[in-house]
Amino acid sequence: MARSTVEIAGHIIDSLILPKVLDLIINLGAEFEILEIQVGHRRADRSYARIQVEASTPELLGRVLAKIKEHGALPVEAEDQSAQLEPAPADGVFPDHFYATTNLPTWVRVKDQWIEVELPEMDCGIRVDVNALRAECVPIHRVKKDDLVVVDHGGVKILPVERRVPREAFEFMSSTVSTEQPKGLLIREIAESMNRVRRENGRILVVAGPGLVHTGASRYLADLIERDYVQVLFAGNGLAVHDIETALYGTSLGIYVDRKIRASEGHEHHLWAINTIRKAGGIRPAVEQGLIQHGIFYSCVQKGVDFVLAGSIRDDGPLPDVITDTLKAQDLMREKARGVSFALMMATTLHAIATGNLLPATVKTVCVDINPAVVTKLSDRGTFQAMGLVTDVEPFLRELCQYLVTETVGISES
Amino acid sequence: MARSTVEIAGHIIDSLILPKVLDLIINLGAEFEILEIQVGHRRADRSYARIQVEASTPELLGRVLAKIKEHGALPVEAEDQSAQLEPAPADGVFPDHFYATTNLPTWVRVKDQWIEVELPEMDCGIRVDVNALRAECVPIHRVKKDDLVVVDHGGVKILPVERRVPREAFEFMSSTVSTEQPKGLLIREIAESMNRVRRENGRILVVAGPGLVHTGASRYLADLIERDYVQVLFAGNGLAVHDIETALYGTSLGIYVDRKIRASEGHEHHLWAINTIRKAGGIRPAVEQGLIQHGIFYSCVQKGVDFVLAGSIRDDGPLPDVITDTLKAQDLMREKARGVSFALMMATTLHAIATGNLLPATVKTVCVDINPAVVTKLSDRGTFQAMGLVTDVEPFLRELCQYLVTETVGISES
Amino acid sequence: MARSTVEIAGHIIDSLILPKVLDLIINLGAEFEILEIQVGHRRADRSYARIQVEASTPELLGRVLAKIKEHGALPVEAEDQSAQLEPAPADGVFPDHFYATTNLPTWVRVKDQWIEVELPEMDCGIRVDVNALRAECVPIHRVKKDDLVVVDHGGVKILPVERRVPREAFEFMSSTVSTEQPKGLLIREIAESMNRVRRENGRILVVAGPGLVHTGASRYLADLIERDYVQVLFAGNGLAVHDIETALYGTSLGIYVDRKIRASEGHEHHLWAINTIRKAGGIRPAVEQGLIQHGIFYSCVQKGVDFVLAGSIRDDGPLPDVITDTLKAQDLMREKARGVSFALMMATTLHAIATGNLLPATVKTVCVDINPAVVTKLSDRGTFQAMGLVTDVEPFLRELCQYLVTETVGISES
Amino acid sequence: MARSTVEIAGHIIDSLILPKVLDLIINLGAEFEILEIQVGHRRADRSYARIQVEASTPELLGRVLAKIKEHGALPVEAEDQSAQLEPAPADGVFPDHFYATTNLPTWVRVKDQWIEVELPEMDCGIRVDVNALRAECVPIHRVKKDDLVVVDHGGVKILPVERRVPREAFEFMSSTVSTEQPKGLLIREIAESMNRVRRENGRILVVAGPGLVHTGASRYLADLIERDYVQVLFAGNGLAVHDIETALYGTSLGIYVDRKIRASEGHEHHLWAINTIRKAGGIRPAVEQGLIQHGIFYSCVQKGVDFVLAGSIRDDGPLPDVITDTLKAQDLMREKARGVSFALMMATTLHAIATGNLLPATVKTVCVDINPAVVTKLSDRGTFQAMGLVTDVEPFLRELCQYLVTETVGISES
């Protein structure tokens, strides 16, 4: 029998943290005994619990402790235990049993001090600079030989995201909204959240897939960009090509976006659009040469909005702006995602999940797709803070723009 | 008024080609007059039609002729018209109005001779070597300055894929199979098709997504590999990581694939699996060092089956075997897909569509996914020859393996 | 070997009818020889073909002839063959081998005369009144002992629905519109079609499911009713209960439709709504007593719009207006559907398919659902004329109302 | 300010009941203060909490108390408060503000005694026989004038379903299983559960839709019936017609279930099947006359398994065995569902939800469908105990039968 005592504090009862911890202990095959519990009387009060965990083997105990740590339950003996550090054996390789990060705020104990881990991101290692007393998340491909990396679970502390009291409007809807619920109010709340973020000079990230253009919604996204609601745009070759095809020929995948003629004239338009931009040397030169005169990317160039176009194996072309190396694309997305406080993901699975992987859990994330599976997948992959909205992206964006119009006043001042 | 006379021959009535051509003419806003028609009396006979197309403007006429050419309707005056060639203005840039290819067998007329275009692939340009009298499809990123490329539609002929008489079993099912139909027979026909391909020493390409491992189906794919039913495997980092995670720890995304314990132990296993392979230097070294002892990629290495792992921005790691540059990955996929006569795509959207883009229309393609949207998307994107099966991939593969067992005799001889 | 010669005339080539017939002959295992073909030169011209069908057995020949007849191919010897009539052996039972109807215009030959079958509806028998020289479709449960019913396929002629020249806007879109296409134009075309129908004093049938209320779209349907765009409404208990719950309490399934509070107050509201209406004696009395003062059914009562509420086993209550006997409900739906020239089905599978079963193929049918499977199912079940739109019902109705506003002028005159 | 003190006891922390109660109080707009809490130290121990609820108005307080009562939180002053009874004002009408039931075990206080409510079913009223000291759930259409019915929430107590310690295998999986998880183990657990139920002479209810026949799975269901795994079968006209069509003609919707020929011979077979059974006078007579010699319903008749065929407005025919009155069908389903301890629902939305409405929360329920929306809908509608499995029904049933074969030993003894 192996035993350990853990402590957990905060709004552990009404934020469901304590029950989740107890649940995990049992599910992993261990047992618990609550040694002490102090429950806050009012919602604003904090609670505290001391729990003894008992497992059949030290290995099992280790696994249980590692898992419940993600919910903020820390072994008492660990309070003054230092993180174990090992040098990376080679460039791009972590030491064995490296500690794999979550997207939650994390602290490591180094030289008897708890220091916060910078650049929070899930599925990374923690690299420690012992002299500078700094720690940061590092993706595996960027670790260098002999970098000191945290191994095992000792000396690591996680702060679970609690729901605040009183709740913000946004938290209110932190769960997937099914097809059979009224969406108007939620769209209004998203608009309010975006306005609040902008009033506080926060940055908004939009992640979008090509369906946005096919459904005729690009004018609304261009509008958001023009009105300073988008500070960064992540997308792929497809969104840009279809947006530019529309700017050049009025079609998207050969279908006229705003005329009655639906008979496709085929695939030539989007290939010619690619060729035109390749010839011009990129999107920005094409805008500057007057080749493109409206659309999402025209607006991005005009407003100086950063965009990252990440490559994929199904790309045609691609456009010269596309970063075909996926690691480089990830790294640039990492960099541009920094400081973002709101992410709006629309009509894309690949880019939504890729971006979700990079965002700390504290970034408010809204995912809009007509396919419920996309929304579910995003949460399953760890971006649990994502609020999902299962609806058609064109009417969603149209309505969002309308709500933002009504409320723009506060922002234009800022 | 602009006019042109086109001819069309073959099984143009019972293969729906003639009606489609007439339909397109009308839909694009032009008119037709059938000048002559000779209909084959029996199914094996060929038919012939001469049709006058009339459009309000020469531009419209041009678009109509371009479009109906994809169905084999060629202007009579074009029979002896040569393809127009222009030099590429720069590396990676086609001349304006370059002819964009379909995935159908295509001929170009050069020096009064019709020559077949090699390496058929959709959405490419046609590069002509006038001296050697050869022509080939070239993706835009591989065209070099001054390469001669076909522009406009003159001097290009397409052979629409007709259904043969008598039909092969496989053609029989060339359409999407909905969830509410019996699948056993179709799976048996797929098995028969695969056996036929192998008996004739044809090559089978498998394209697979990570869902295949999550659902516990990897043992069946490994089995297919062991029994020589897979000559090439296309996948992403995910499939390989989850397969190797299972080989190393028995889990997939932290869930034990064959034990009762479902409580996830988290994301460490798949990150540790990545780290282990990075340390070993790749999948092959890991197999040779005895680190991996079963699974899809173990079998690939043992049987010498080629695999291409193409990178994506949502990859963790990735494994050293992953080609992170999407253009390089595409090029390798192009090369390895050559000579394949059967493609089986399972539980993947990205890789299925990317592969579909590269395959000529003559490659038999089966796409299996529990989500009907994937199957639809593949056809929408041009891989119209794909037969879709909406079902769960694990029972599909299990059943396929059973049918192949029963019928293996013929193959083992080959 | 069994042989028969069939004739087929009309726009048989460009409307795909001839190829379909040839296809069916082969697929069913028979062979064909085209004895004569005259192809119309221009689109407005009609074509004609005489085809010999050859099958291995008379049974197979019979099946082939029966099947191709649905596409208008009639045996020449059948031109003067009379329909075979047999008396129904009992109430609610057809004679063996009764002829099962399609939803296409059908003629039967009685006393050397071709007479049109009235009340066209699929999956019925044809009852003939020999003396009055009349024939009509009769559902099995309404046939009476000794009614004369057509058996076998002789003496029956079907008129396939051809696409007209020039095409109406509406025909233009007679196929499913996927999630990734612009919908604005289609919604405008639907609006135009509805306006045209109303200008010609045609009747519009709306079929709606409860999701319409949950998503907050009921105000738009009420608006359509107020503005005379709805002549008949088919729905179930659910739509009515949720609409009335909203009218009484402002909630739908306990969720406030237009306030911020999403925490459900549970199921009481909808049960109390049912009880209130049961106590009042029905929807109409409840409106008259002033209990209900807005909503879909309030508008129906005020405008005198007929509604049929058909029962289902998942109903709570139900409301007194619900016809719990499904056969009686079907019969009333049959009656009320007569003379309808446009059907708009939204957010319902059960009622859409049930209504589709009753409508002749000549009724323009639009089916709107966020789930692509519903749209597909409707066509699969025989309502092939249905145009499907995969989108969210709330923004669809909102946009439809906007287009109808703009164009109302013409109608208010009528 | 309105205040009330509630008590809650049991495994209220690890079964998430306490957090849910606190969450509800806040979400509904009230505040709480935890007056006392005693937490069980070990998992087997029970906990206890006393909570003061404070709301701005007595109405709000009432709503909050009503809602948290569903989770077992009872006002302390209510412990000796009697239920308020009012006579039903008319047949089929409850008194105003009647108490609407959940599907959880419920007690009412009558004459200073807590008595358990019989026939637990959601969305009913509670009818009390004061003299006999009995109470039962009564659906609205069966209440008679002057029956005494509970109104308001006083004197009603609910027992939330807690997870037991140690957990049963089955509880283990009480949540929806997505498409991307291994299903083999779950199917094995379902098999074990079914075996356990049968060993204890429990009754198993199967609810099935027509997709089961279309996919070729009927042989497996027939097999389950033959081997005593099915005690009651709920379905609609469709399942029976398609099963009988297969028995008579080998087709389902005109498609041969086990032959290669897929070209549909049309809708005649299923209509003729209906006519044949109507002529025979029903399914049982048809079996007895030897007309049907295999299939699901043949097995039901042979084994004496009860089946309820409930009518719907999309039925063709229907078969004489179909209960076309939906209220009568519901009542018969109620009766036959009594005593069932396991429900297996496959490939049906309508019948699954209708049955879910009638079952107490204590019945283990498994819902299998290839469409994730069906599974979600069932839980949303209140059948929260349902375990969902998103997979293809044919391979599911095939695998289930295999597991049941292996383990049949124990049962044959019983």
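Per-chain numbering from 1; labels A, B, C and D assigned in written order.
One rule holds for everything that comes next: a contact is a pair of C-beta atoms (placed from the backbone, for glycine too) under 8 Å apart; a residue touches a chain by one contact, two chains touch by 3 or more.
Since the model is a prediction, treat every value here as computed from it, not as a measurement.
Enquirer: If every chain is reduced to the average of its C-alpha atoms, which one ends up farthest from chain D?
Expert: B
Enquirer: With chain centres defined as C-alpha means, what is the inter-centre distance between chain C and chain D in Å?
Expert: 33
Enquirer: Compute the distance, rounded to whole Å, between the mean C-alpha positions of chain B and chain D.
Expert: The mean C-alpha positions of chain B and chain D differ by 46 Å.
Enquirer: If you average the CA atoms of chain A and of chain D, how many Å lie between those two points?
Expert: Between these chains, centre-to-centre, one finds 39 Å.
Enquirer: Of all the residues in chain A, which ones touch at least 2 other chains?
Expert: 179-180, 371, 373 - these are the residues of chain A that touch more than one other chain.
Enquirer: What is the shape of the graph in which nodes denote protein chains and edges denote touching chain pairs (line, ring, star, complete, other)?
Expert: complete
Enquirer: Along chain B, where are the residues that touch chain D in the complex?
Expert: Chain B residues touching chain D: 169, 172-173, 179-185, 189, 211, 214-216, 252, 255, 257-260, 262, 370-371, 390-392, 394-396, 398-399.
Enquirer: For chain C, which residues count as touching chain B in their complex?
Expert: Residues 13-16, 18-19, 22-23, 26, 31-35, 37, 39-43, 49, 167, 178, 180, 372-373, 376, 380.
Enquirer: Any idea which chain A residues touch chain B in the complex?
Expert: Against chain B, chain A makes touches at 24, 27-29, 63, 66-67, 70, 89-90, 92-94, 96-98, 100, 122-123, 140-141, 261, 263, 265-268, 271-272, 274-275, 278-279, 310-318, 324-327, 329-330, 333, 349-351, 353-354, 357, 371, 373, 382.
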